[in-house]
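So that you can tell them apart, the chains are marked A, B, C and D in the order they are listed, and the count of residues begins at 1 in each.
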Amino acid sequence: MADILDEIRAMDLKASWLNDWEFEVIVPKERIGSVLDYLKSRTFKGFMGLSCVDWIDEGKFELVYILQSYDLSLEAIVKTKIPRHRPVIESMNAIWKLCEVYEREMHEFFGIEFVGNPNLRPFFLENWLDTPPLRKDFDTLAFSEELFEFKEDETHGINPPERIE
Amino acid sequence: MVIVEFLIKLSQGFGIGALALATGLLFGGIARKIMARIQRRYGPPFTQNFMDLFKLLSKGSVSHGWAFDLGLVAGFVPMLAALMFLPIGPFTLFPSDSSLIMIVYLMMMAYLGMAMGVLASGNPNSAIGMSRALMLMAGYEVPFAAVIFSIYFFSKTGYLTQIVAMQSGGFMNWNIVKMPLGFLAVEIVLQGMLGEKPFDQAIAPAEIASGPMVELGGKYLGFGMIQHSVALFLETGIIVDLFLGGAPNFWIFIAKQFVLYFVVVLVDAILPRLRVHEATSFFWKLPLFLGILQAVIVIIQGGVLNV
Amino acid sequence: MSSLLALLLVPVTGSIVAAIIQRYRLAERLVSFSTFVVTLLFLIDIRVGDAFTWSLGFLGKNIEMGLQITPLSIFMLYMTIAFGVLLTFFDLTERSKMKSFLLLLTLAASNWIFMATDFLSFFFAWELMGWASILAIFGGRRTAESRHGALYYAMMSIGGSYSMLIGIFLLSNLTGSFSIQQNVSYLVSIMTVHPWWVLGIVSMFFVAFMVKSGIFPFHTWVPYTYGESPDGFVPYLSSVMSKYGIYGFLIFLPLTLSLRNVPGVLGLPWPNYTLVWFGSITAVVGSVLAFMQDDVKKLFAYSSFSNLGFILAAIALFTPIGLTAGLFHAFNHLLFNGAIFITVVAVISKVGITRMSEMGGLWQKMPLTFLTFFVGIASAAGIPPFAGFGSKWMIFQAMISHGLIFATVLLFFASIASFLYLMRAFHAIFLGQLSHKYDNVKEISAIGKITEVFLIGALIFFGIFPGFILDPINSIVGSFGLKPLPTSGYEYINGFFSSVNMVSIFIVVIVAFIFGFLLFAVSAKHKKVPQEDNYTAGQIPKDWNLTPEMYQFSYDFYEPMDKEIAPFLKIKIDGFFKGFGDSVEYLGSSIKEIFTGNVQIYTYLAIGGLVIFVIAGWIVW
Amino acid sequence: MSEWTEIVDYFRGRSMWMLHYCTGCGAIELPPTMTSRWDMERFGITPMATPRQADILLITGYLAIKTLKRVIYTYEQMQPPKWVLGFGSCTINGGIYWDSYNVIERLDKYIPVDIYIAGCMPRPEAILDSFVKLKEMVQNGEAKGYEKYVKNYEWYKANQDKVLKRTKPVLERIEKVTKIG
């Protein structure tokens, strides 16, 4: 179990245990494909998901690939950061076909461009023209007030809930 | 004279139709109440089905064209027409025409009309529902035919009035005593004819959005409800005439019908739905076996008719 | 007397004229129509008992040949010619490659069949009819397939003809005569002495009749041939020509009257019982195979021989009610099958395909055709008050009166299954969603409309007044030495167990419909919506890229039933005939090796053949 | 004629068939309402399968823009007389999704709502109470939401189009992002 981490470290990558069943690997953007390929060959065959974190102060998006090894009962969390102003990364759908769907979602909600993904059509949102909604600089309250015309005085005696900060 | 006679028959026919419809609706309401009590609910009032029908006829609806309208009118009208030939208690509107097979085929016209209407709506759910209903029909009509034919052979007549007359004179003369297996087969068949569980594949609400009725609303659904209520009266009425010796008056007739329907409701309350091919093959197994067995017994008893 | 000959000569003349002008389609069709009309006019003159004889010298023998009119033959003649008039009228605007002169030749042959008093002319006419219809099939929509269908039909027909030919020569060897009447009465006389001989000879004939009517197990050619024959010809093929076999059966079925007192099954002689089962199985096989079909012509081909099964089962009983029911159903089948096939042909000519799963919603475009089809299938399903109810109702009564419960239940199942496939065809062709590719489809021409209105009228008229058909049928029943059913007016059908008054049923249905429409009118208003405005579980059709084709469920309509009847479908009778054909081919190729091209061998063969012929001649004559 | 209307309204109130549009968590309150504990069938209210058959449209919970489109389509497929019940705070003011970019705030801007049931979640008693209230309103001829929809169709349509048919961004773009598509 420990040797997988050693092997990764030997590849000149930062890797550390989060707890006794999962570890994280931090990978530069350029090497993400080869690392995921390598992990897949090392029994991490299950692609659990792809998510994104908006580090707005750093100006970066962090893409998080979650992999699972059924043989070792381990979970690998592979993280990579891409610049926020030009979010482009290669698509992983050659490794896992399933990535196509997750990348479609990330594209829709964060505006990340996945090079090589053939299908980046809108997934959940219909007719969306604004900033991708899950970016931190997107003001959902302002959007809501503007589009749905939500006014606190237009409640017909029903008080809206206190604003949850 | 002919006109007076015609008018008398017409008013009697309206009376029979209204009575049958009312009885069918009342049975439906009672069935809902029974079902509610089995499920430990209070349940709707007995008259709920009347209110539902009234509301449906007064509610707006959509039509998909004249074939849709014509089909749905043709869906309940032949049922009412078939009703005119059924001996209800001592009363028969056309005593010389109460041929059983004719009534069965008139009922088929109602199914044909209903099918035409709902299929003209162009919804695949109704097509699926219709295909299921027809497949189920291929299942239950076969044992039903076996029983009808054994009664024909046994009674040596095809008139319902005469079949009823042959059973007069007490319980021991009823066909239920003489042909218990046939009665059992028909009671199972009744479950399928009325589309109650476990044979309610055609109108599975959560699966195919109530099947044939998917595009029906307002008066069209009301027509469907009339068809179902009259069919309920007609089918139970046929079985009462065939097996339970008819009745000396209307109220006993209804009581006998209700006994038959009560069994159906109880079975409906406790069984889940079968898959359609399972239901069809079920009818080809147990009820058909019972029906054929009954037929064989009747033929061995009755010997060969002299032609 | 001359009008009997005219029944043969008029169609032949018409056929020659039509053959000469076959280049001009409309003129050809007009000739064909007028020939049928003229034949019908000649037929009106003809009465039962008319006869005409001549003799033919052959090999030094004088063979009596003749034409005679019996009640049965006049019934069949009217059915054939009257339907032919209707069909050729409809065909005036029909565009398939059908050759009218072949149809007229078929008519001449069929007239001869029904009038023939001797087996030689019967056989000749039978062959003429067979070959003319085979050639007519060649003009199908798809050339290669129609050729295949015609060849299949030809193979089966030839098999049947050989069988019949052997039967004819065996019989004439025994009696020294070709006369049908003499031969049949001879068979009756030896019936009790050598029943197996009689059975053997008669079954030789029955094979030919079963092939022509498509009775199980000789039904396999029917769907191929009907499916590929020209659109204008297929109604005639299925409505009229399939009845010729029934005529053949009725020549020999009186034989069984002498067996009535011999113990059989349930009061029926063994041969009748067996034929009833052949009929019932045909009805079931046809119905069940029909509802798996996607090709509309094939579906109704199955339907057609399924109904022939009903007819055979009824006439095979050879009781008054059985015979009446069978002939009545033959007539009703002519009408409703004609209505169905004519509308199907009309639809095919408009949409250009025969696969039902690609049609749908055509009721909006072809309302009259839709109504005709509706009345046709209602009749086929045996729904009162349309024609078709009475005969099915009588068939069931005839069957039950003999306690044939199993066969009756099978027949009833076939009847229900017919309801299934009729609904499937009805839905797939006319109901459901209308595809945009049929936006330009129009109702058929005025001639087609007239035909359709006439058919609707006929189906309703003969449904309400069955007496008009039951009267001639009763005289046929009487001519066979059976006691006809009692008649009590044109509107009554008297069955064995009960009788029905069709007019009262009709009035009740009409009054009920008036009430229904009144209720429809006084109820709340409805709103007309287009077919796109449909329940889609909240999904918006345009966003969903929903097309009418996607929202039409008609392919594999009875898929769940496949599981139940799959074992039934595994029996391949088709395969048996294919295997038989293969072995015949093998035999043929081994015989071919004799013909090496050496002249001497041909000479020997010729001499040998002559010797065999002469010896055979001594034995026969 | 008015007596006839009263009779019709009386029976309409006694027989209301319901189509429940369950997008949100509110659907969980319906099974107890339907079944033996509270038994709504005793008021003549039965769940139905399609909008064609239904009188009541019960909207249980929040509506995203995508589902709002379906709800409007479903509502328009229903035939008059028809009534809408807004169930839970989400239909009133967005509930806990009040500042969400994709959940509408007030349902009655888009389709006429006859009765709102407040609460998150409303209990089955509240649902039954609303049914009884609706019944009274129908029998008194007060519940005329469907007529209001026809009368003010332009206003409703404008509100719907504002949400459903956006042609330009709602907010100013803060930074240029890769174009979607």
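Here is the rule we go by: a residue touches a chain if its C-beta (ideal position, glycine included) is under 8 Å from a C-beta of that chain, and two chains touch if they have at least 3 such contacts.
None of these values were measured; they are calculated from a predicted model.
Student: Using the touch definition up top, find the fewest steps from subunit A to subunit C.
Tutor: 2
Student: Which chain has its Cα centroid closest to the overall Cα centroid?
Tutor: Located nearest the centre of all protein C-alpha atoms is chain B.
Student: When B-D is set beside B-C, which has more C-beta pairs in contact?
Tutor: Greater number of contacting C-beta pairs: B-C.
Student: Rounded to a whole Å, what is the gap between the Cα centroids of subunit B and subunit D?
Tutor: 38
Student: So what's the Cα centroid distance for subunit A and subunit D, whole Å?
Tutor: 36
Student: Could you tell me the distance, in whole angstrom, between the mean C-alpha positions of subunit A and subunit B?
Tutor: 61
Student: Which parts of subunit B, given as residue numbers and ranges, touch two or more other chains?
Tutor: Counting only residues that touch two or more other chains, subunit B contributes 58-62, 209, 214-215, 218.
Student: Residues of subunit C touching 2+ other chains?
Tutor: As it turns out, subunit C has residues touching two or more other chains at 527, 533, 535.
Student: For subunit A, give me the residues that contact two or more of the other chains.
Tutor: Counting only residues that touch two or more other chains, subunit A contributes none.
Student: For each chain, which other chains does it touch, given as pairs?
Tutor: A-D, B-C, B-D, C-D
Student: Okay, in this complex, where on subunit D does subunit B touch?
Tutor: For subunit D paired with subunit B, touching residues are 8, 11-12, 14-15, 17, 35-36, 39, 41-44, 47-50, 52-53, 55, 77-81.
Student: Give the list of subunit D residues in touch with subunit A in this complex.
Tutor: Contacts found on subunit D: 65-66, 69, 89, 92-96, 98-102, 104-106, 109, 118, 162-171, 173-175, 177-178, 180-181.
Student: Name, in rising order, each residue of subunit C that touches subunit B in their complex.
Tutor: Residues in contact with subunit B: 266-267, 319-321, 361, 363-364, 367, 370, 374, 377-378, 381-384, 389, 392-393, 396-397, 400-403, 405-406, 408-409, 412-413, 416-417, 419-420, 423-424, 426-427, 431-434, 495-501, 504-505, 508-509, 511-513, 515-517, 519-520, 523-529, 531, 533-535, 537, 548, 551-554, 557-558, 560-561, 563-564.
Student: Inside the complex, what are the residues of subunit C that reach subunit D?
Tutor: On the subunit C side, the touching residues are 527, 533, 535, 538-540, 543.
Student: Enumerate the contact residues on subunit A facing subunit D in the complex.
Tutor: By the definition above, subunit A touches subunit D via 85, 87-88, 107-108, 111-113, 120-122, 124-133, 135, 137-144, 146-150, 154-155, 158, 160-161, 163-164.
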